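The chains carry the letters A, B and C, assigned in the order they are written, with residues numbered from 1 in each.
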């Protein structure tokens, strides 16, 4: 079932390419249908595959036997979590871009290609295959932003493409080095993870691969692509970018860098933990002073992804499972936030300046958007009842065990997070009626059904996981007992 | 008999003169002549090495020189034809003035 | 004497002469179609080459000529490239004022030169085959006699090419003087003794200068941008693929089958050259607006990547070069075929000429974009796997030569820079404001076939590299690595 998440996406790409030009409606329907199939496959797979504390094999074929490279798909609880996230985010993104008319066919083709690549990364257990899927996502990302984006789109797109490319090049070198050092016989993740790489090798290979992946996860100080990229991207693309693509980086850092090089991880734990905390605090502080609505959300993504990275650096079970849960939670919440900003607000008001929005009295003009954003910001602040709370709490507990100072700093980050979300909430939707403010109320079109469904899907997901986190934790926690993490347990004391 | 090293010295001198001509002169024809000098220096080397080798009966050096002369002639023929063709456009054979492509 | 070994070359020369003869009886309007005949003939020879086997090396012409797996690999490579270039030339025919049949014939003679180069086992054959290629290319380059750029490219190529040949010949003379032989097999035996003599090393260095010129390696690359820009598009394509590959096969033969003992001392030199070539090509390509000139600089950069495989000095590196050339062949030919079709009546080959191409012809747009993406080295296209193999070879070398890691860093830097300008071309194709010309472009069916073949090959090599990797590994067994 699960591999069909990948295949159906690429089948969708082909079908879209075969559609005649200027058939925007048909393109949307095909895309939505494809994404739904992907989501159904992902959910069915998650229920059907009982990964438990092992890795469930899905598909393994010889691909390049002379180099020991296989077409190898498999899944454990972590992959399942993220595959489900991808399915949800993909459907929501399409619902939020229902108003795309300009070259819709190509838009959704690139969109589905990106989704297919993302599914591929989460399910690959051969490093070469993983890398191929990882790179596959770069070009669609570039196109989505550069063609359909707004504000300095070409700059944002090129910056994102170059950052991703630099990161993936670093990863590639690290992977090749690992492959050569281990005897150049296999690219299988599980086999390489059990290979005892010499410590001196791990000391430089770990930061290389980790940073290579973490660039895409918005690791401070390599995060600068994120705000500009998010702002330039069209709504659906920024939802995917924040919701899923940044998770690729975090996932790669956990799956590849940490499992392969546990000794390197141990040595670099404090420096990278520091960078993660800096990202949390820095992202939150900068978000506090932004005047552009979307930049606020862009920087909040950097801050929240900092929690993921901090969770990874704790190297204990609570922290790690918190990190994975945070990937899921942030994927959902950031998708929602970007949906509100990009689709519900910007497409209607054509401005993202908070000062301008303040005068528009949006809470009465588009009440559904106001409620959605209220829910999303509450979830983003990490209030109990939403997924963000459980995830960030776990990360904080983990960090407290590993390095208390960083834990406290991260807690400060959460407080600043509350501050900037409240500020934004107040300015954007719930401003006091400014004297002489225009009445926009009647000129804005009302929120469409597609948007309502998309927003409800994301809000519901966050709420369900917030109320019943065991749904995911029961998947995630046992995966850390799989043989894949043996090296991490021995080498880094998981 | 003149010893080998004198031939080599002469050939090195020829090569140097040819190279200097090819690099410093701006007239395409003179440059081509310089290059021909360099080729001939190599030919002289070959002949000398062959004559003084332990196995002159293996005609390798001689053979190479025959090929080399033939090829140099072909090169000169093509070269002169080209230079005449471009001379018709520019009314000069000065290499510095062939600069319509930039970048 | 075993003439039957070089039957392919003789067939190509025969076909070339036949085209020249047929030209005498062909009415003028039909002359351009001789190109299809030529392409068909070369295609047949290509198919025939697929039937040939070279399990053990076989020699001809006093061991000057060798037919082994490596030679056969490159012969097929050149034959295939020539088919596509000939099809491209038919498309280009109306932009050549006179003598189109000679243009086809010259391409075939250059092809014969490349095929001899693939089999060179003696410095005499190295020199003769190289000159056959180069002198033919002087003419091919300046074939548009009415266009100033073409003539200028011809003169520049001539002057610098002749200079490089002079270095090559002088170098060979010095090598011959010390070792008393020009045969690679015999040099192998005497190289250890001769390597103590500085004159011998000087001679080899001069030979390297000559070959470095052919592949446009730093610092002998200055001719490349002008010549690529000025030449007729099919010539540029053949120069980028055929001439460069010929340079590489000769470089591999000289370094790894004539004097392998000496080459191992040159790792650092080759590494520096590779790194500089990559950086120079990529940095200079950034500001270019002329598409052919851009590809000229990018071809310098790609020569640099392939030099990584030489500098790695292991069979992984050499087989990676072969793989990379295979990928490069389809990619570059696709790009130049598109340029050849699109730039009809466009002066300056400016990138703006491809603006809005996706509306004018989706096939051309897709081919050019895929070619750019493949050149940039993004999976799942062929170019990526080539780079993967090259980097792997260098990393393997890194165990004994720590400097390799710097080289890798430089290579990665180059790849990242290149993404910028390759994506620039793609951007121009798919969205650029105010493209003047939006009429549909008619693409003739032979061009369509060759484009589809190139695209299919790019995907095939990228997705299923195993076959070519095995072939390449088998082929480089001919080298002493």
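Throughout what follows, a residue touches a chain if its C-beta (ideal position, glycine included) is under 8 Å from a C-beta of that chain, and two chains touch if they have at least 3 such contacts.
Note that the coordinates shown come from a computational prediction; the quantities given were computed from them, not determined experimentally.
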| item | value |
| --- | --- |
| Joint neighbours of subunit C and subunit A, given as chain labels | none |
| Geometric centre: closest chain by C-alpha means | C |
| Inter-chain pair with the most contacting C-beta pairs | B-C |
| CA centroid of subunit A to CA centroid of subunit C, Å | 43 |
| Chain centre separation in whole Å, for subunit C relative to subunit B (CA means) | 26 |
| Centroid spacing, where centroids are CA-atom means, of subunit A and subunit B in whole angstrom | 65 |
| Sites on subunit A touched by subunit C in the complex | 63-67, 131-132, 135-136, 138-139, 142-143, 146-147, 154, 158, 161-162, 165-166, 169-170, 172-173, 176-177, 179-180, 184 |
| Interfacial residue positions of subunit C with respect to subunit B in the complex | 123-124, 127-128, 131, 135, 138-139, 142, 145, 148-149, 151-156, 158-159, 162-163, 165-167, 169-170, 172-174, 176-177, 180-182, 225-226, 229-230, 287-290, 293 |
| Contact footprint of subunit A on subunit C as seen in their complex | 373, 378-380, 384, 388, 391-392, 395-396, 398-399, 408, 412, 415-416, 419-420, 423, 427, 430-431, 465-466, 469-470, 473 |
| Of all residues in subunit B, those that touch subunit C in their complex | 8, 11, 15, 18-19, 22, 28, 31-32, 35, 38-39, 41-43, 45-46, 48-49, 53-55, 60-61, 63-64, 67-68, 71, 74-75, 78-79, 82-83, 85-86, 89, 95, 98, 100-101, 103 |
